[in-house]
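One structure is given below, represented as C-alpha cells, and several questions about it will come after.
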Amino acid sequence: MTKIKSLADLKKMKSDLQSQISIRQKSENPEGRTLIRIGMGTSGIASGAKQVMEFLMDELEKRNVDAIVTQVGDMGYSYADPTVEVTVPGKDPLVFGDVTIKKADDIIEKYIKNGELLDGIIPVNYETIDKK
Amino acid sequence: MELIKLTIDNRTVEVEKGTTIFHAAKKLGIEIPTLCYMNLKDLNIEHKPGGCRICVVEVEGRRNLAPSCATECMEGMVVKTHTVRVLNARRTVLELIISDHPFDCLICAKSGNCDLQSLAIKLGVRDIPFQGEKSTYKPDFSPAIIRDMDKCIMCRRCETMCNDFQTVGVLSGINRGFEAVVAPAFERDLDHSECTYCGQCVAVCPTGALTEVDHTKNVIAALSDSKKTVVVQTAPAVRAALGEEFGLEAGTLVTGKMVAALRQLGFDYVFDTDFAADLTIMEEGTELLDRLTRHLGGDKEVKLPILTSCCPGWVNFFEYNYPDMMDVPSTARSPQQMFGAIAKTYFAEKINVKREDMVVVSIMPCVAKKYECTREEFATDGNPDVDFSISTRELAHFIKSANINFNALPDEDFDKPLGESTGAAVIFGTTGGVIEAAARTAYELHTGKTLEKVDFEALRGFDGIRSASVDFDGVDIKIGIAHGLGNARKMLDDVKAGRSEFHAIEIMACPGGCIGGGGQPLHHGDSSVLRARAKAIYSEDESKVLRKSHENPSIIKLYEEYLGKPGSEKAHHLLHTHYFDKKSKQVLLD
Amino acid sequence: MTSVKLKLKESDVQKLKEVAKSFNNEAGELINVLHKAQEIFGYLPAEVQEVVAQELNVPVAKVYGVVTFYSFFTMLPRGRYPISICTGTACYVRGAEKVLDEFKRILKIPVGETTSDGKFSITCLRCVGACGLAPVVMVGDKTYGRVTTDGVKDILKEYDTED
Amino acid sequence: MHMLVCGGTGCRASASDMLYESLKKEVQDNNLENEVQVVTTGCFGFCEKGPIVKMIPDNTFYVSVEPKDAKELVAEHALKGRKVNRLLYVDPTNKEQISDSKHMGFYKKQIRIALRNCGLINPENIEEYLAADGYEAMGKVLLEMTPEEAIKVVLDSGLRGRGGGGFPTGLKWQIASKNEADQKYVVCNADEGDPGAFMDRSILEGDPHTVLEAMVINGYCIGATKGLIYIRAEYPLAIQRLKIAIGQAREFGLLGTDILGSGFDFDVEIRYGAGAFVCGEETALIHSMEGERGEPTFKPPFPAQSGYLGKPTNVNNVETYANIPVIINKGAEWFSSIGTEKSKGTKVFALAGKINNVGLIEVPMGITLREVIYEIGGGIKGGKKFKAVQTGGPSGGCLTEKHLDIPIDFDNLIAAGSMMGSGGMIVMDEDDCMVAVAKFYLEFTVEESCGKCSPCRVGNKRLHEQLDLITKGKATMEDLDKLKNLSNVIKDTSLCGLGQTSPNPVLSTMENFYDEYVAHVTDHRCPSGVCKDLIRYEVIAENCVGCTACARNCPVNCISGERKQVHLIDQVLCIKCGACLEKCKFNAIAVI
C-alpha cells in the first residue's frame, strides 16, 4: 500500500505512472507528435523488428521523446527488413531499412532530435502505408 | 427584534423578521384562504407543508406564485393577493382538488363544517372543468373513528398530529402521486393498528375524511324504547365547549342549558360525569396515598410515580408502548366507566331497574371514550356499563335535529344523586385538573388538616410538560403533568430510565386535556379557543361551594350505603381495572 | 385482515437484525436497511417491514410510507425471471410500448405482477442507459437489445427449459 | 499497443465483458502480453454501435465487436498490423469505412472535459487516473489555495449546475461556505432519473475518481468534512466502480484524514436512491438520504442553510463535479473561453431516438442543434424527415426545424420553450406523434409526482387524462384551451421543480405542433399514424400478393385471405399492434 502523503509524493507518483497511459493521451492528439511505425510482417518479425520496436518504445520513454510507436503490417520492403517509418511533424515520412538497435538509436538521437539525415533511407516516390 | 416593511395589496405593513406573508396579510385584515396550513400556537404546532397551494400570492419579481403560508416576508417585498393571475390559479387548484373529491356534501358528516366546502362556497365554484378518475379507498370503520379517504385532500394535518405531536405514528403518507394518501401501515384498518383513538386527527381534518363513529341513532332508539331507562352523564369539558356549536363565544359555560336540553331530548335521568370524577379522586387518591405512605415508610417494592388513568387514549397508548410498566398507572377506572358501573348497580338497585333495562349514555369531548366503553372488562355478562358514548359535536347535532332552541333554554340542574359534584371534579376537563383535584383531597387525608388555599396555581397552565412541588405539610410531593401523547412519551421514557423523581404524574392524551378532545367542536386551527374553554372550567370550579371531592355528600353517601370505604373489595370490583399488553396482542392480530 | 401471517425464515430475520445493527439501528438508515432487506428476502412483505420498524424504532406506518414511495421497493415477490422493460424516452420512441404490450399479452399479467406459476414478472424501468440498443428488455441480469414484438416470444422461449 | 474495450453499461449489455476476456486470452495465446495491453475503460459514448474496441495508438475504432471477433482482431490487427475492415465503422451518409475515431463525424465536434477520461483510462485502476493528472487539482487546492481562492476560480469559470437548474456552481459554494456550522455536508447528486439521460452514470462508470476529487475540493471550499453520494440503486456497475474508487482513494490516502499532509480531513459515503425521479430535487434528495419519503420542501431554507440533518449542505450533480478538477488545473480563463456568454464550457448530451449515432456526446455550449443532429448524430435514421428534438426530458420541451440553428445554451433553450435539463436529447422523426409524445411525458410525471402538492398530484393526472382523450379523438377545441390554462396554473403553483416544469412538454408541443392537436380533435385523425384509436391498418389490394405473412403474424388472427389472394383485416378484432405492417414485404399494409 502506498499512501500519498504530500503534494510532492503525488507529483512523483504521477510522473512514475504517466507512461502507463501516455500512449493513449498522445494518440488523442496525433498531429503534434512524431509517429513511428514498424513493419511487423512475418519477415519483419523474423529479422528482429520486435526487438527494435521494444528498444524504441523503451528508449523514447527514457529520453523523454514525444513519439508514438505503432506496428503495422508488411511494408513491402522485405528486402530491407526491419523497416521503420518515421513521420516528424511538418516533414514528409521517411522509411529506414535494415534497422538495428544501433540504427534505431541513431534515428532517435540524430534524426528525430536533431533533424540530421541518416543512411539507409529507402528512397521512395513516396506514399505512406495507408494510401497503398 | 428586526422589523421588516413590505407592501401587500398596496398597503404597507411592518412585521417581525421571519413572519410569513400569510400572517403579515392577516395583520392587515386580509384573510388568505388555505386548506393545509394549521397553526396551533398555544401548542407550538405549526403545520405548513405548503401542499394545498390554495394560499398562493403574487410576489413581484418572482417567476412563480408563492405560497403565503411558507414564504417569509422580505424588506420591500411587494405582494398582491387578488390579481387575476392569483384568483385564476387559486380557483383552478381548488377545482383540481374538488375534481378528486366526492360530491356527496348533502350527506357528509362534515357538511356545514368542512373547510373545503366553505372555500368552494367562498370562491363560488360552480362546475369542475376537469372530469377524471377519482381516488377510491376502502372505508375503515373502527370502534371510534371512521376513515373515508376518498375525501382526503392530502393536507397531512392528521399525519402531523399523529406523528409529531402525539408520537403515535399510526398514520403516514403512503404511495405517491395521484395515489398518495394518508393511511395506517399496509392500509390496514385502524383497529389493526396501534391507534389510541385520541381523535386528534379527527379534530384537525378539514374535510369529512376523518370523522367519529356516530352513535346518535342508537341513543334515539334507546330513548324511544319505553322499556328502557335511559341515563345520561356529561363530561366536564362538554359544558365549556357545547355553546360554540350554537354560535356562542368560546368559553361560554352552558351547563344549565345542556341539562335542560338533555331533559327535553327525553333522558330519564340527567347525571354528571363529575360525580364519577369525585369518586375517581376517592379511589385514585387513596391509591396514591397508600403508595406514597409505603414509599415514605421505606418500602422499596412500591411503584412510584403513580400515573393517572382517566384518559382512554392515554391508556391505549400506554398499553401499546409500555407493556413492561403495567403496574405503574393507577388501577382506578376512568370517570366514565366508574359512572357506568355505579349507575348499573347502586343506582339501578335504588330505582329498582334491571341492569339490562338501563341504558347509560355518555356525552364526551372524546372519541376514545367510544372505544373505552366497548372494552370487554367493562361489561357484565355482555352488558356494557356504558352503552353509548357520543361526542360534544354529536350532541349538538342531536339538539339541533330536535328543534330545540338551545340558546333560549332556561338553566336547569342535574338530577341527584349521580348529578352532584364538587369543583374538584369540574377541573378534570383541563390539563392539570385531575392531579389538582387529587392533591386537594390527598392533602387533607394525609395531613388531617384543612387545605386553606385550594387553587394549586403551579399545576395549571398550557405548557406541554409541567412539574411542580406540593407541600404536604413538610413532605414535598413532586408532581408531573403532560398533555399530548408526545409529551407523555417523554415523561414516560424518563420514568422508564429511572430519571424521574415524580411521585405522581397526570397525563392527558389531547392538547389542553379534555377541553381539546377529539370530540369537541372543531377549533379550525384556532387554539385560543382551548384557553377560553380552560378558563370557563376553572370559573365553574371557583363558583362551587364544595371544591374537594371527599366533601361531595352523594359520594360520602355512596360509600356509606354501598361501597364501604375507598379501596374496599367492592370498590375494587366495580371501580378498578387492569391493563393489557397490546403490543404482543397486536402481533397476534396481524 | 384475514391474510395469513407469513412465517419468515429465522436465519433471514437474524441476518436482517444484524444488518440493522451494522447501521447502528439508526432511523435515518431506513432506506439503506430496506435495500438490504430486499436483497435478503427478495421483496418486502409486511412481516419484513415490521421487523425493520422494530429494529430501527420507527413506526411501521412510516416504513410502509417509505416502501410505497420508492418504485425500487416491492411488496410482491418477483418472478424467478423478472422481466424489466425499459420505458425511457429513447426506448419509447423506438417501440418499447409495443414490446411491453406483447409481454403482457403473452404472459397475461399486468405490469407489476407475477405469473401464477411464479416464473415471470413484469416491471417497467426508466432508462438503463443502453439507449443505443433501444428498445431494451432485461430478464434478470441479462440484457436484450433492439427487441421487437416478434423477439418477445424468442426471449421467453429461452426460459422454457430452465424449469 | 493498447486495446481499449468499452466497459460501460450499454456495451456490457452486448457482452463486452466477455469480449474483454476473449481478447485477453487471445493476447496470451499469442504471447503478446508485453506488447499488447487489453484495458476495460468507461463509455466511449458511441453506444449505437457497441461494443466498441479502440486500438491505441492508431485510434482504429472497431464497432459492434463480438467475443468471437477477438481471435481475428488479435491475429490481424495486433500481430500483423492489418485493420479488420469488416468491423470498422461505416459512415451512414456516404457508406465509407472510417478507419479511426479521428475521422468520425461523431467525435469531430466534441470537446471532452467532463468525459475526458471516459474511454481513456481503466476506471477501476486509480493509478491510471493518477497518471491522467488525477488528484492534482485537489493537491493544488488543498495545499496552495485558500477556500476563497478556489471558490473564486469556480466562480470565474462561469460553471453552472449541469443537473438541470443551471445555478452558478461557484455562487452555490460561496453561499454554503458562508453559513457557519459545526458540521457541513457535500452531496453528489447521482440520482439521474431523466428517462433518456445517462451521462452521470457514464461518468461514474468511466471516471469515478474525478467525482471524488471534486467532492474533496468542494468540501475544502465550504468547510465540510463529509461527502455523500446519492446514487440510483438501478446503477449497479456505477456503484461497484464507485466503491472500488473510494477504497483505492482511501488506501492511497486521498480520502481520509490529513489528506496530502494538508491537515484537511474528508471522506465519502454512498447512499442509495430507490427509484424516485423527484429525488433529483435537492430537498427531496436530502429527505431521502435521511430515510424519509422523498418529498420536497419549500425553499427557503435552502440546503446551503439547512440541509442534510439540518446542517448546511451543498448539492451538485455528477457532471458538474466532473468539470471541477479540469477547471482548477487549467484555470477559469481557459474554461470560460469555451461556450457562450452566459453558459461556459461544455455540456454532455445523451443523444437518442431516431438518429443514426445514438450515444453520449460532449459538445461546447453554443453548438447548434443542426451540428449535433446532422454532423455528430449522423442524421435521422432511415433517411426519414426530422421533426423535433426533445431536450430536458419530462421538464423540457420540443425544438423544431426553426430552432436548428440557435446556439444551444441554458438561456437560449429556455427562450425556445424548452430547457437544458440534465441533457437528454431525443430526436423524433415524421413518424412520431407529438400529442402522444406529450402524453408519454405526462405519464411519466404522473407516476413520479410525489403527491405532496395539489396542482402536481391532481393537475398532472388531469393533464394526462385530457391528452388521452385527445389521442382518442374525444376532446373538443374548448378542451385545448382548458389544457393550456391548466398547464400554466400547474407551472405557476407547484411546490417544486417537477411540477413547475411538468407541463412544458404539453405547452411546447401545443406551441409548435398545434396543427397536430387540432387534427386529433376536429378531424379525429393522427397525422403521424401513432394514436391507436385514430388509425386503422388496411390492406392495399393492388400491392398484396397473398404471401400470408401478415395473417401468420397477427396475434389476434384478424387477417383473413387465401394464399395468393388479397388479404383482409377485420377492423373489429384488430388491436392495432402493427405486426402486419412490420411483416409485409410488399408495402401492402397502410396506416390510415
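To keep things simple, chains are lettered A, B, C and D as they appear, and every chain counts its residues starting from 1.
The definition used in the following text is that a contact is a pair of C-beta atoms (placed from the backbone, for glycine too) under 8 Å apart; a residue touches a chain by one contact, two chains touch by 3 or more.
Since we're looking at a predicted model, the values are computed, not measured.
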Task: Chain pair showing more contacts of the two, B-C and C-D - done: C-D
TODO: Measure off the straight-line distance from the CA centroid of chain B to the CA centroid of chain C, and report it in whole Å.
DONE: 43
Open item on the list: As a quick test, compute the distance in whole Å between the mean CA positions of chain C and chain D.
Closed with: 24
- [ ] Could you please state the distance in Å, as a whole number, between where the Cα atoms of chain B are centred and where those of chain D are centred?
- [x] 54
- [ ] Would you mind pulling out the distance in Å between where the CA atoms of chain A average out and where those of chain D do?
- [x] 39
Task: chain D: positions in contact with at least two other chains - done: 276, 293, 447, 450
Task: For chain A, residues contacting two or more additional chains - done: none
- [ ] Would you please write down the residue numbers of chain B that are in contact with two or more other chains?
- [x] 173, 175-176
Task: Pairwise chain contacts under the document criterion - done: A-D, B-C, B-D, C-D
- [ ] Would you pull the chain A residues touching chain D in the complex into a rising list?
- [x] 1-7, 9-11, 13-14, 17-28, 30, 39-41, 50, 53-54, 68-74, 130
Open item on the list: Help me check something: in the complex, which residues belonging to chain B touch chain D?
Closed with: 48-54, 56, 64-65, 67, 70-72, 85, 88-89, 92-93, 96-97, 99-100, 129-130, 132-133, 153-154, 173, 175-180
TODO: Using the touch rule from the top, collect the residues of chain D that touch chain B in their complex.
DONE: 276, 278, 293, 295, 297-298, 300, 446-455, 457-462, 465-466, 482, 485-486, 489, 491-495, 500
Open item on the list: Which stretch or stretches of chain D touch chain C in the complex?
Closed with: 8-10, 12-14, 46-50, 193-198, 201-202, 233-235, 271-277, 288-294, 309, 350, 352-354, 358-359, 390, 393, 424, 426, 428, 432, 437, 440-441, 444, 447, 450, 553, 555, 577-579, 582
- [ ] Provide the residue numbers of chain D that touch chain A in the complex, in ascending order.
- [x] 1-2, 4, 34-35, 56-59, 79-82, 99, 102, 120-121, 127-128, 130-136, 139-140, 143-144, 251-254, 260-261
